[in-house]
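Heads up, the next two complexes both have subunit A, just with different partners, subunit B and then subunit C.
After this line comes the complex of A and B, so read on.
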């Protein structure tokens, strides 16, 4: 515990910037992650709007310089994944929830925790330098050589952004795994953990195993570019395929680092808003969550089917990739099953969950063709892929993040939000993303429109559909603005929140105030034999 | 099962088997495009089926179990060990069966994609920032314009002068990476006369989206004439 633990500082006490920057309180660290990740979401979202506007017509629309478009795309991809989703999930939600859900006063290493968030902010600042340096990176978030090695763009900026955020994640992993293993309040046994806690553990186990590999790959990239090594140079005995392998060996599991905590949040909301026990808890935890972890390391080959890997490897990877449907299917069955005999209330967070069901269903099902190597030949590198991963990752997970933020909002700020604004924001977002990403998939598979294209003079027949997609993305923007307004509205005019507005059985709602004081619980938590975070209906 | 049902089921099975056996082998050369479209259609039916079932169940539960009174709580019981086990094993089994079924179909098509018919003509392709160079067996070279005779299988040997590119013919459902220092390949056989877009699908820098060209499929005699007219006159110049 930090020295200031005894002072009960809450969000409502007088604002002091210094206290915020040097805080070691996990709740404040969480809020710093929240602010940083939404800032990244905001800037990367502006890039998305610029790109969509550019694509609304053939020929120059916003800019006549393809390099500018490529810079937007680079920033959008890198910032959305490394700056927004991973930090929002494994930074904000983990920090805010984990100690509260297990009845701990703070994390195991509060200073290391503060250091993580600093590294993350440095990564964000470094990423933002993209817009001020004369030679911004233009290598996409994947950074494939040889292009990333011969480009005049600044590949080092990419390398160091990835390394900073990677270190931040590793520190977070060590911290939270220790916290969960060592600091659970008496009585909270393994099979009474919140699903979100299990998901966090799984995500950090994946991070600890695979982040170092990404670190190695991007470091070798800069060595090749600036120090003249030839790791990825086919003409000097290296091979670019090595990079592709290392990159996806991390970046496919990274999808689960994003997916698992997101699904964990969805589980918490579903349980609370249907006041029901989790359907087949052990199947979800040991089959769904840990099954995903086990498979995560052996499927990355499906990203490189057409890069000429051996046929036998293509076969194995096709099968392992298809097998992912098993643990993911178990997770979905657990979610849908929890609705059975529940008592469902459609407050804003629950609406986002309903949205998640639909968006993730489309995203998951459209992933099945991607696993099949022969089908993949046609759709690789097309807008089909763009549409698919926006469904399965970008917008599904965003419903979890925004819905989850509405869910903790009363606890975190001590204020209620306005339901009407919350629901309006969701509706706009939901309509917008479906227009945008359905037609994005459509032009990819039907016309073969490739991704990462600044222009499409060779596909004149799709200009009309492109306009529809752009229109959809403006509706998303409108939705995002309504969400933002609802939060600001709540901070200024929101009513005072009760301690447990949702009637949840989970510790963070039942055992402490809104917002919780520093140290979280005024007296040490101890739960009884028959306590369960999902113990409804007794 | 009565006799009528038996005949109906047997009939359906027979038609399925015949269709499978007949797909894409009209002239001994597999039709990749038709094969791809066929498998795609099956996939779509498969996932649409799963999707509709899931959606229907979810919507039903969401509507049926809405909260009716403010203090109501859910009333699900803990699963018995047998039920819990069943809810893991049965879905695993169903997903696994579907996965194996799909994988098997996939490999049939994959083999057609990767096995070039023996009588294919060979054209060398080199991608560069930003365009495609073609070299024909007779020594002709062209850029961004590939002429091929109709009905004849064509094998393209792919490589790159600089960064990774990917050679994509949307109309033929065919694509493969072109990598510097490596020799990759793909093949296709155009069924009708016409023009088709070729375009790059691996990010390769500023003009990636401008890296396109076309395939012109010609009648065999016109193609032969074009070759005659354009082939380098050995030593004459």
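After this line comes the complex of A and C, so read on.
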């Protein structure tokens, strides 16, 4: 046995490109998702830096061409959401964790899984063409008609980027829902699933129901622009409002596609580093997670309060939007309750969790006035909104992604990372995002600075604050570089990781080596009656 | 057995087809469309199509062949569970197009809008009958497969009949489209034609995909290889396409 095991390890350590690009193993597919999504994060982050530098002073700073600025804006939004957040969460983490956590040897359809990741990569390739074509899209990530239909920019590129990544998501959803339903190891019953598994299921249910609607919306956009149909053509009986409805009918639930797996990762980290059971498990699962799913489809109207929808609908949407605080509140209470009387250990992943608590709190609280239509119409289209959604879905989710990557790192790479570097990266990131997005909200709500503007000659009094915001964004960049350095450092000089460095009770830590071999578990997993992934203190 | 399990672990499973298929899809759809419609360059579009179409086809063939050989023991009957989940997503696609149709139709001052000829009645009824018949024949194929696992004859015959019916449906659809286009009713004509052609075309593309899936079951079946869960999943998909047609035909022809 030990001879075979050591042979397995030597065979694994030999790097073979063929085994990576043609892989059907869920862990390697996961790593491909990780690389692809962080590549998108990197390029979209560069766009953010360019935009912030442009806004550091009044008048042309980096470019004198507003269309170039629009292209950055387009790429930043589209790549951050479709290329980074969704694939990192429902691609990387899902692939890495789900089969391990349910004791399966792989997913239900390993080749479909590999197809999903490569389709996503093709989407990234298509998105990157933005930088080489003469007519880059300039339609934000929202692509509202009529502008997107009449612009000289390449709307088809946007359409197909969305379609490729969207189809990749649907294939992933079919695959993982089947996997979770069919492939749980004996003894892993529904109420003993990791919270992350529930979050993944919920996210994929949302994807399956709503992604097709986005696919339809962007398809109609290109049909209108290139084939001459009239879906959004008001002169022929179509309506641009149709697009806004279809688009947000997906894109609001997309926020939960991002939020739920992120909060799932946070739950795993909190339970492990508090050595504590999940507080109110059933409330979290059936109320928090599935409650969010149920509400997700009836709130999208709050994105189009000012787009001429009827008043009675605005009122209903205000109420349904505020209702979202109930399931989200259950999720947060579950987190706090899990910390309660736990034996908390502040390793790097846990620091990111602490960051998540703070950032999500700010993001959530600033969302409440936005939900109320009477307040919203006054702050619509200002930098306040930009600051708010960066807090709630950009940076708080990024703390989950980076913290979660640190958490899974020893299992994935078989190497430990350097705690000091990990903590330094977090500190810089945390300080940077707060400087950046606090003041972004401030100039929006106090001075009425509009979002998406290339220049702001009419607001000379905020040039100083704009410089502070830009300075903050450079600190974020520095933090991201430290994170990257800590990972490279770990890959080269990291100590060998034990199988369960965190002392977790979850299957992926207790039942297999770091990193797990092909097939995940050397023997088929079977858990006992009293097993629980959060069974601490037994 | 245990020895075998360990040996199994050390080699990483691979397949070239997922990557090949994704590259094929990239060339086939996005690049060809963009070169043709955005950059008005049929030459390059033909080249990307020439790369994408064969690559996609070869990848699908390779994929199915590999699946039939099943070196890694992938086939565990999950497809019967996966297909209904996929159908949910497919249904939402149609709901999106129907939502557009209803939204534009219910707010229109006059219906049908100017430029609409008299819509055909006979052909859509024949098409409906054909599609319903094909749903029954695929069910028969499935039944034959279950009851007589030894002989593939009954299964094959019913499957071939289903494919012929599906192809006839598509042929009639194409005939009807060309008739309407001769009357000057095309996708650009008005808001009704927009929905008419997108809904019927989108449904037709699903029939085509259904036929493709049947071909993936039929060709290996000639060599005596039948994957029962796959056939079952294909059948579920086909019934779905049939049900959607009832919505299409009732909404865009007879309302």
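Here is the rule we go by: the second predicted complex is superposed on the first by the 526 of 538 C-alpha atoms of A that agree within 3 Å, B and C clash if a C-alpha of one lies under 4 Å from a C-alpha of the other, contacts with A are read in each partner's own complex, and residues count from 1 in each chain.
Methods note: contacts are C-beta pairs under 8 Å (C-beta built on N, C-alpha and C of every residue); 3 or more make two chains touch, one makes a residue touch a chain.
Fair warning: this is a prediction, and the values are worked out from it, not measured in the lab.
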item: When subunit B and subunit C are modelled together on subunit A, clash or fit; value: fit
item: Subunit B versus subunit C as contact partner of A:297, first or second or both or neither; value: neither
item: Which of subunit B and subunit C A:110 touches, first, second, both or neither; value: second
item: Subunit B versus subunit C as contact partner of A:498, first or second or both or neither; value: neither
item: Cα-centre angle that subunit B and subunit C span when viewed from subunit A, reported as a multiple of 10 degrees; value: 110
item: First, second, both or neither for A:519, with subunit B first and subunit C second; value: second
item: Partner chain in contact with A:378 - subunit B first, subunit C second, else both or neither; value: first
item: Touched partner set for A:77, first subunit B, second subunit C, both or neither; value: neither
item: After superposition on chain A, the shortest CA separation from subunit B to subunit C (Å); value: 14
item: Common interface positions of subunit A, toward subunit B and toward subunit C; value: 239
item: Complex interface listing, subunit C residues touching subunit A; value: 5-6, 8-19, 21-23, 25-26, 29-30, 33-34, 37-38, 63, 66-67, 72, 74, 76, 78-79, 81-82, 85-86, 88-90, 92-93, 95-97, 99-100, 103-104, 107-108, 113, 187-188, 190-191, 194, 197-198
item: Subunit A - residues contacting subunit B, complex; value: 66-67, 70, 138, 140, 142, 144, 146-147, 150-151, 234-235, 239-241, 274-277, 279-280, 282-283, 287, 306-308, 311, 314-315, 318-319, 322-323, 325-326, 329-330, 332-333, 336-346, 354, 357-358, 361-362, 365-366, 368-369, 372-375, 377-378, 380-382, 445, 447-448, 450-459, 536-537
item: Contact footprint of subunit A on subunit B as seen in their complex; value: 36, 39-40, 43, 46-47, 50-51, 54-55, 57-58, 61-62, 65-68, 72-76, 78-79, 84, 87-88, 91-92, 95-96, 98-100, 102-103, 105-107, 109-110, 113-114, 162-164, 166, 168, 170-171, 173-177, 179-182, 184, 197, 199-210, 212
item: Partner subunit C, residues of subunit A touching it in the complex; value: 4, 7-8, 11-12, 16, 18-19, 21-25, 28, 106, 108-112, 114-115, 117-119, 121-122, 125-126, 135, 154, 156-157, 160, 163-164, 170, 173-175, 177-178, 181-182, 208-213, 215-217, 220, 222-223, 226-231, 233, 236-239, 242, 246, 517-519, 522-523
